[in-house]
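Shared between the two complexes below is chain A, which has chain B as its partner in the first and chain C in the second.
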Partner chain A sequence: MLSLPLLIWQLAFFLFPLLFLVALSFWTVRNFQMQPDLDFGNWERILTRRAFWDAYLLTALLATASAVLTSLIAFPAAYAISFKVSDRVKQWLIFVLIIPFFTSYLVRVYSLQVFLSDAGIINAFLGFFGLGPILMLNTLFGTLVGLVTLCLPLVVLLQTFSLNFVDRDLVEAAHNLRCGRLRTVLMVIVPSARVGLVIAALFAFILSFGDFVSPLYLGGGNPPTLSIMITDITKSGQQWPRAAVVALMMITTLLTVAFLAIQFAYKERGK
Partner chain B sequence: MTGNRNIVIEALLRLHVLACLIFIFAPILGSFVFSLNSDRFPSLPLGHFSLEWYRLIWEDPFVWSGFFNTVIVGLCVAVIATLLGFGGAYTDYRYKFVGKNVYLALALLPPTIPVVIMGLAMLAFLSRINLSGSTISVIIAHGVMCSPFAMAIIRLRLSQMDPDLEAASWNLGGNEWATLRHVIVPFARPAIFAALFITMAVSFDEFAVAWFVSGLNETLPVKILGFLQGQVSPGSTPSARLPSSARSR
Partner chain C sequence: MTMTPTTSDAIVKLDGVVKKFGDFVAVERADFEIGRGEFLAIMGSSGCGKTTTLRMLAGLEDPTEGDIWLDGERVNGKATWDRDTPMVWQSLALFPFLTVRENVEFSLKMRSVGKAERAERVHKWLDRMQIVEFADRNISQLSGGQRQRVALARALVTEPEILLLDEPLSALDAHLKVRMQAVLSNLQKDLGITFVYVTHSMSEAFSMADRVVIMSRGKIEQIGTPQEIYHAPRNRFVAEFLGSANIFTGRIVERAGENWMVETDYGRFAVPASKAAEKTVGDSVSFIVSAENMQLGPESADIPGISARVVGEEFVGATAMVFLETESGEELKVQKGHAELAAIDHRAGASLVVHWDSEACHVLPAE
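After this line comes the complex of A and B, so read on.
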């Protein structure tokens, strides 16, 4: 059977490690050794800590901001690509938007550091016009720039594909019925492409929620996000059970958000 | 397309697309420019043209070992992920069975799990079965993460196949394996090659999970992560930047 290798591989090396994470979160650490246990101490320690909830809030906020911002920036572009350009230009643009997936995100972030730093490209450019250096690196703004860079190509592509499926006759009909331009976009195009738009935003949320590179190297890592917390805890020794608790909280959040988003996407139109 | 065009709005939309492209590609082009620039921390005005950084990288044994690790991992992952992905794609194309949704979810979900969590789960699990800190652990982890891409690409190709082809082959006396070998694999060949390349590219670029599980056998992106962390000249004291995985039991 051809189906079995994939099934076995994903059971053994994907599902099982994730389930193992659940077990791990109940283990205890004694003398720098992890011991199998059924102990709620890790959960208690993490969930009663202020720092964890601060990080949780920050991460959720950043991911939401990134999803909303990326969707808003991407939509006019996707709209233009889907509706306003010739087929050849469309194909060419889609091809160009795939290129970033083959470039290293790390290198891009490093490059962004050079753009955003105090003595960096953007501030030097502003300096020509006598505008003082603006602090961008190691701020939330820096983090957001990185996250949008990460998500934008994917979101534009997903939005473009969903807009391609919008029935052109509907748009024509709206125009014939004297529906205004903006109103057509908001009342006809956006609702018909809702599933794709929501899924695109969901992907942006998931990517931003789990990313630790932008918050660390563009946001300065302080205060930490949840993913920075996980890498810190894992790096600094044998407290993996606590890192597992943080990871499980992240997964729970992501599953909830994904579930709600998909519910919303497929909800019956109207009421 | 539609009746009432407005030149101003269309121009603005085009400008917006251009702005998005600039935003996306400025860092990519920037990194090329900076790599040819003499300054360590580039700023305006740029320093002079220099290939010094390329020479440093070229002469750095750590970079080379990382490069070889990356290539080995990438090649193995491409083959494994494509084989797994082909099996998955064919299963989805050919069979209907109870629990197929679960099968598909299991097959396609890995890319949606944050890499940090994948990394931690892999590290904890693989160190438990004494497989962490080796090249094999990176291959296993990347196999999980890349096979969905291979599966999606091959599945897309299979959906373009005439379903009668398979039936015709059976009518002509081909058994299931013969049909697979002489009809389906040749038809899917372009997608199989695409899958090989894409999975290799994904593996080449993946740094987070590799960072968690690779230990001393760092791949190139993991080394880049180290450079980024240390902001030091490539090659100096890489051991200081290793995650705990190197020390794992």
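After this line comes the complex of A and C, so read on.
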């Protein structure tokens, strides 16, 4: 009986909307009016379009690149916070990492435009040395900078927490068995913290895969990602059913990636 | 004074070693040698500095003062990965993400030992520790005793001259503990290498070690064979730590033949003068009488002794430890065989006289 509220919550806020989305994807639109229907045309229309698969591939690549890049950039910071500083400093650094969440992501992205644009801060700086301007705004690079900005604080936090749980005896035992510092990081610390590190990367993937702001305001929105494609479709002729198809493809992808990532994270070795 | 390592059979030499963590002095001063092939136990209660001493040998801590010599080489500042001092952790510190085989193989890989030789040496040690059948298992699938054997195999696979052990048996139940003690003892004898074994357990230390170092609050209280320490504790701390001795303190008031007469709170007792030859009349003296050397008799007995009331009894195998309380509330311990005790009414509350043969006294030299 205790789980009843949870069940109601799940039904009301997850399963029911999802089922509605599935139903919606079979509706038809006539004269800008949606009508309940059981029409496979929306699915056929979207899944046979080259533009959809281009956007799908781009979005998946961007999310993967963001997850990998963010994880790589975050790890040295998380490692230093977890292993190299005193408890007092650790508390302050974790507090500092929470501060970015106080500011709206949109505001942070707009401020990045000031850095990345042709006449922006970075190019002005390069100009001093007679370099540039380098095109950064409205490129994939710009999108990636935005996605890393979005994910970095969360990934550093998640990695730090998972590194905090690494048994310090294991680290010393590795050293004692002649494993040097860098090798210990790769051979002992990373495998010990694997679950947390994979889940941190998974969060980066999920956030980046569905993100709309960076691809639009830093990447220029062209070529479109799936999120941008959804807004385009809904704006053009009330095509909510077709947008639902794209959304369902995204949800299926995220569920699959999350499932595989967690399988990988918890994979047991040996017999 | 310049100190050079002795060329004798010492493999480890601690020379005025001090370790401080900020203001906290973990090891106040350690000066001792460990012989090649010796089984040395470092014993003390938690926080006495025994683990810190071991960690300094392993290269996991660096001494604040003093020198550590390993096999004739001064190793201060030498990282643990450059030393040949494998350690077995209290938590065992086995790598949970590696199989048994990969755990044992670890340090061979770190030394770039070739694949074929690795396999051979790993197999030899798995076999020796009787865990070959678990080679491809996960650590989480092993029992406590099996994990212990993996930890030993992992530490010994490089065939070091010295093995450091930090309370490795503390997680095992009593029965398994005794069995693993035998395993460790035999292993050390067969290999002929040095074991340095840290423990808070007297029974572990005394049953396995050739010599025992007793530490308290960062200081070494006594070093000696288990026999020496048991029969001749150096000071009050060691005597109390062993737990089976009655300690008396008093002042020498006169000489009576071969004995000093010592005035204590319980009365006047004879102590053989030969056991406190450097003392003279007026000196304070502390002596112990171990529980098994104490005698119990009915109160009317016409023997000089201490009147005390029985407060309890504890079985110790074939004997029992009787606890008594004197009028001033001090505790006395008497250990006797069950048959002997049956002849005496020693129910709780019974009043008895405790006495001993003066030859059974041991004078604490450092008091």
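By definition in this document, the second predicted complex is superposed on the first by the 255 of 271 C-alpha atoms of A that agree within 3 Å, B and C clash if a C-alpha of one lies under 4 Å from a C-alpha of the other, contacts with A are read in each partner's own complex, and residues count from 1 in each chain.
The definition used in the following text is that a residue touches a chain if its C-beta (ideal position, glycine included) is under 8 Å from a C-beta of that chain, and two chains touch if they have at least 3 such contacts.
Keep in mind it's a predicted model, so treat the numbers as computed, not measured.
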{"item": "Contacts of A:217 with chain B and chain C, given as first, second, both or neither", "value": "first"}
{"item": "Dominant toucher of chain A (residue count), chain B or chain C", "value": "B"}
{"item": "Touching partner for A:51 - first (chain B), second (chain C), both, neither", "value": "neither"}
{"item": "Partner chain(s) touched by A:175 [first = chain B, second = chain C, both, neither]", "value": "both"}
{"item": "Touched partner set for A:192, first chain B, second chain C, both or neither", "value": "second"}
{"item": "Touched partner set for A:167, first chain B, second chain C, both or neither", "value": "second"}
{"item": "Partner chain(s) touched by A:131 [first = chain B, second = chain C, both, neither]", "value": "neither"}
{"item": "Partner chain(s) touched by A:10 [first = chain B, second = chain C, both, neither]", "value": "first"}
{"item": "Shared contact residues on chain A - chain B and chain C", "value": "172, 175-176"}
{"item": "Residue ranges of chain A in contact with chain B within the complex", "value": "2-7, 9-11, 13-18, 20-21, 24, 73-74, 76-77, 79-81, 83-85, 93, 96-97, 99-112, 114-115, 117, 119-121, 124-125, 148-149, 152-153, 156, 168, 171-172, 175-176, 181, 206, 209-213, 217, 227, 230-231, 234-238, 240, 243-244, 247, 250-251, 254, 258"}
{"item": "Chain A partner contacts - residues on chain C that touch it in the complex", "value": "58-60, 79-81, 85-87, 89, 91, 93, 95-100, 106-107, 110-111, 136-138, 141, 154"}
{"item": "Touching residues (chain side chain B, partner chain A) in the complex", "value": "1-4, 6, 9-10, 13-14, 16-17, 20-21, 23-28, 30-31, 34, 41-45, 83-88, 90-91, 95, 103, 106-107, 109-110, 112-126, 128, 140-141, 143-144, 147, 151, 180, 201, 205, 207-208, 212, 221, 224-225, 227-228, 243-245"}
{"item": "Chain A - residues contacting chain C, complex", "value": "167, 169-170, 172-180, 183, 188, 191-192, 194, 268-271"}
